[in-house]
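Multiple structures are listed underneath, in structure tokens.
Two complexes come next, and they have one chain in common, chain A, joined by chain B in the first and chain C in the second.
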Partner chain A sequence: MIEDLVFNLKVAYARLWVRVKGGNREPHWILTEVTVPILTLSAYVYLYKMLNAPAEFAGFVVIGGTMIAFWSNVLWNMSAQFYWEKETGNLQMYLVAPISRMAILLGMAVGSIVNTALRAVAILAVGILIFQVPIFLRDPAVAVLIFVLTIVALYTLGMLFASLFLLYGREAWHTVSLLQEPVHFLSGFYFPVRYLPFLIQLVASAIPITFGLDGIRRVIISGETAIDVLPHVAALIIFILILMPLSKLALNFMENLGKKEGRLTLRWQ
Partner chain B sequence: MSKCAVVTLRFELQHCIETKNLVRVFKGPDKGIVKALDDVSVTIEEGEIFGLLGPNGAGKTTFIKILSTLLLPTRGEAYVKGFSVVKEPNKVRKIINLVSGGETPGYGILTVRENLWFFSQLYGLPSSKAKEKIKLLMRELNFEEYANARMNKLSSGYKQRLNLARGLINDPDILFLDEPTLGLDVLTAKNLRDYMMNWAKQERKGTILLTTHYMAEADEMCDRVAIIDHGRILACDSPQTLKENLAKNPSAKIEISSTSINSDFLKSIHGIIGFTQTRNIQTGTTTLKVVARDESAFSKIVSKMTEENLKVLTVSKTEPTLEDVYISLVGKGFEEAEAADS
Partner chain C sequence: MAVSTIFRSVKQAIWVGWKVETNWADPLVFSIYYVIRPLAGLLIVGFVFIIGSAVAGSFKPEYFAYMFIGNTFFIYVLQVTMTMSFLIHEDRSHYEVLKHIYLAPGSLRYYILGRALNGAMNASISLVLTIGLGVLIFQRLLGINIPIDWLSVNYPAVLLSLVIGTLCMISIGFVFSGINLLTSRIQFALPDYVSGIFYLLGGVVFPPEILPSWAQSISNALPVTYFLRAVRSSFLAQAYGSFSVDLLYLALTTVVTAFVGAVVFKAAEYKARRDGLIDRKEEY
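Up next is the complex of A and B:
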């Protein structure tokens, strides 16, 4: 049991290593991945300035822009990853090896978090410096807690999507696009979600990043404390407790279904 | 019976690979079904190189996918070293590896060495042991100088060397090779074939299940060959025995100075078991390979050609090959069989 766990953690580390090594081998990628989001969030910051919105709105945008990096990464590098691994023949090798498939997903997720964190920190730092974002951080530990919970919830969602996308076929990237922009809007990446109509807020609450973003903004920009963001923390924990076993179940279900139907290693379906 | 005798008996009964009445059905077009494997029962012994020879779509890859736990059988049983591929897949995975031709698993942005290290971790090799093993495999497969080259910069021959090294990284007891020399140049293919044969016949015997549609490859490499068509095993024996069994049916090559002959008339000639034809546009000739019940069939073909005003350039009797074995069993060659199915 323990031997198996140690072995699979080493597998997860190896997959993490591939992601970090591969993701940072060509440094100009990092430059692009930092510059493009800053250009996008600049547009929103200047729009709010033109409308004479309170200065804290710039902070909302910078934090939203930072967290977008994680959401995009979950979609493109987690959800669609097994599908691409299938197309390149790697998935077949994972399935033939005596490993837990969750170890591969875990490695991919942690590797992605490391890679994206490097970019996100750069976006945050540059954003704060350029736009002079006002910060009223009273409880850094709570900010870190909400950030960690948000990331874990997001990447467990990514692990669930990875299983679902596995058998979906060649149109997977359309689904990724479909999930990208609506979530940017619903989760309030560039504005506080409380300004949305109630019904849309209800729909948005089904997405973990909505709670994460709002919680982080409240703690960093508005100076709120642990008591104020307790519902956010609770919601994120509930998301994790539901998504984690669900992703494992989905992976097992999809693997068995794929083996029955013969679609697991079928290319370009 | 003593306990010792029981143990001995069980040992004797356990084959390296065994399938019993294996059936695999896929959903086909128009809600129909396609039987990819139809009642396949095969046993393969330790240290054996066993070939599965058949045209595209015959069921070769389906067979390998079931044995390598990638696919579930619809019916029947399959065992690898006594472990059921359905009930004990993880035990099977620990002792096998799979190398498919025409594809290179791995990450293009990583180097050859990095890719091999990654795959070694999927089998729990300690890093230092993995590094030694990687060095050894790269040396033996003769691509050490590419150790630090990115995978996406390699030619297809070197990619396949990397693929084979990956397949051997865990020292598998059983290596599944699915069309391993597909698309490779003659020399690289020969080098890889030699290496695989040596690997199987080394002191610690490795078992190879090879699928191929290259007759010469099966002939050169395999201790035994099963000829498969439409999911059924038509014959299974050593290449030599298969050819010897055919010796009573003579085969000949007939070269004709035209590329536009309609060979359908051959079906009406009594005594012809099967044939295949190859057109050579450059020389403007067609070569018929004919397997017959007796030699009189060849003179009937020549007479018919003369009637049709076609010039017969050469008629030569040939030694039986595995291709002839296939033709005698199916009535046509691989290409014709594939064309008929498509």
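Up next is the complex of A and C:
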């Protein structure tokens, strides 16, 4: 049991190492992943400025623009990852190796978090400095707690999507594309979600980042305390408890179906 | 090369592009896919506008119309530049057909042109659907007054601006294709940079006049600024510039961009052939 655990932790570390090394092997990628989100969020900050909205809205945009880095990473580097692995021929090696596939996903997730956190910190710092965002952080520990819960919930969702996207074959690219702007809108990446019509808020509540983003903004920008964001913490914990076993189920289902139909390693489909 | 051969190459490339883009879904699913992204983008900016106006206490419909037109027509920039930037990598490394296309009668540049025109065609589908649904959502459902008289729009002027604007975007796309013939590492970054810079500085969702002066100077040199001004002049009663002047600037910047695109692509193609890069497969 312990031997298995240690062995699979080594597997996770190995996948993590590849992810960290691979994600940072081209310095211009890091530059792009920091610069492009800043360009986009700047456009929204200027739009709020043109409308004479209060300065805290620039803060909402900067926090949202920072969290987009994680959402994009979950989509492209977690959800679509098994699909890319299939295309490049790595997936079959994962499947024949005597390892837990969950360990692979865990390593991928932790490596992605490390890579994205580096970029997110840069986006946040530059955004705050350029736009002089007002910060009213009274409870840093709560902000860290919500952030960690959000990231765990998001990457667990990514682990679930990884198996589902593989089943969709070549639609993976399109599915990832479909989950970008619509989720940016629904989860309120550029405005507080409470301003949206109730029905849209209801739909948005099915996405973990909606709660995470709103909670982080309330604590960092609006200066709210632990009591105010308790529902956000509870919602994120529920998401994690539901998504974790679902991701394991989806992984087993995908693997069994793939073996039965013999198309798990078939490229270009 | 005979004009008929060029025409046939372009036509077949448009057809191939259409098949590649659409063969994963039935027409209904494809239409939904092609409208959801731009529509969600429009909803984001629309709600930023509505919420920002509400907290500031004043709503200016003429600026909403400014944003509405700018954001919907920006689809052309996104679609054409993305199509042309991913094309070389996809055909060389993913589908592994670039070498065959290169050796076939006709020419790689006419194939790329055809694929770009298919991108523009898809953008047109997105544009029509997004405008229709955007008006339905904002004007009918949310009761926002969009001051556009759809019957008195100068459609020939819109079409002319679109043709020149699309040519300009295709020229930028040829720069991307040329660069991507030489490397397989920046095909995803190139359109992101260009669309990000254009979106911020091109007067897409707000007038460039609110930007710092140095940024306004850059904005004045971008073709997308004149493309969107020319389109807006044709749609909106309130003048944001003179249509003929904006069209002239758009034509001038397009000529410059086309020259740069042709030179970069020719040089890249020569180097790629010399260095054996046409069929070099990389897993980036």
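The rule is short, and it goes like this: the second predicted complex is superposed on the first by the 269 of 269 C-alpha atoms of A that agree within 3 Å, B and C clash if a C-alpha of one lies under 4 Å from a C-alpha of the other, contacts with A are read in each partner's own complex, and residues count from 1 in each chain.
Here, contacts are C-beta pairs under 8 Å (C-beta built on N, C-alpha and C of every residue); 3 or more make two chains touch, one makes a residue touch a chain.
None of these values were measured; they are calculated from a predicted model.
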{"item": "When chain B and chain C are modelled together on chain A, clash or fit", "value": "fit"}
{"item": "Chain B versus chain C as contact partner of A:14, first or second or both or neither", "value": "first"}
{"item": "Which of chain B and chain C A:99 touches, first, second, both or neither", "value": "first"}
{"item": "Touching partner for A:88 - first (chain B), second (chain C), both, neither", "value": "both"}
{"item": "Touching partner for A:138 - first (chain B), second (chain C), both, neither", "value": "neither"}
{"item": "More chain A residues in contact [chain B versus chain C]", "value": "C"}
{"item": "Which of chain B and chain C A:185 touches, first, second, both or neither", "value": "second"}
{"item": "Distance in angstrom between the closest Cα atoms of chain C and chain B, superposition on A", "value": "6"}
{"item": "Where chain A meets both chain C and chain B, residue numbers", "value": "26, 88"}
{"item": "Footprint of chain A on chain C - complex, ascending", "value": "24-25, 33, 36-38, 40-41, 43-45, 47-49, 51-56, 58, 63, 67, 94-95, 185-186, 189, 192-193, 196-197, 199-200, 204-207, 210-211, 283"}
{"item": "Chain B to chain A touching residues, read off their complex", "value": "24, 26-27, 62, 65, 68-72, 90, 93-94, 96-98, 100, 103-107, 109-110, 114, 117-119, 121-124, 166"}
{"item": "Sites on chain A touched by chain C in the complex", "value": "26, 28-29, 32, 35-36, 39-40, 42-44, 46-54, 57, 87-88, 170-171, 174, 177-178, 180-182, 184-185, 189-192, 195-196, 268"}
{"item": "Contact footprint of chain B on chain A as seen in their complex", "value": "7, 10-11, 13-15, 17-18, 21-22, 25-26, 88-90, 92-99, 256, 259-262, 264-265"}
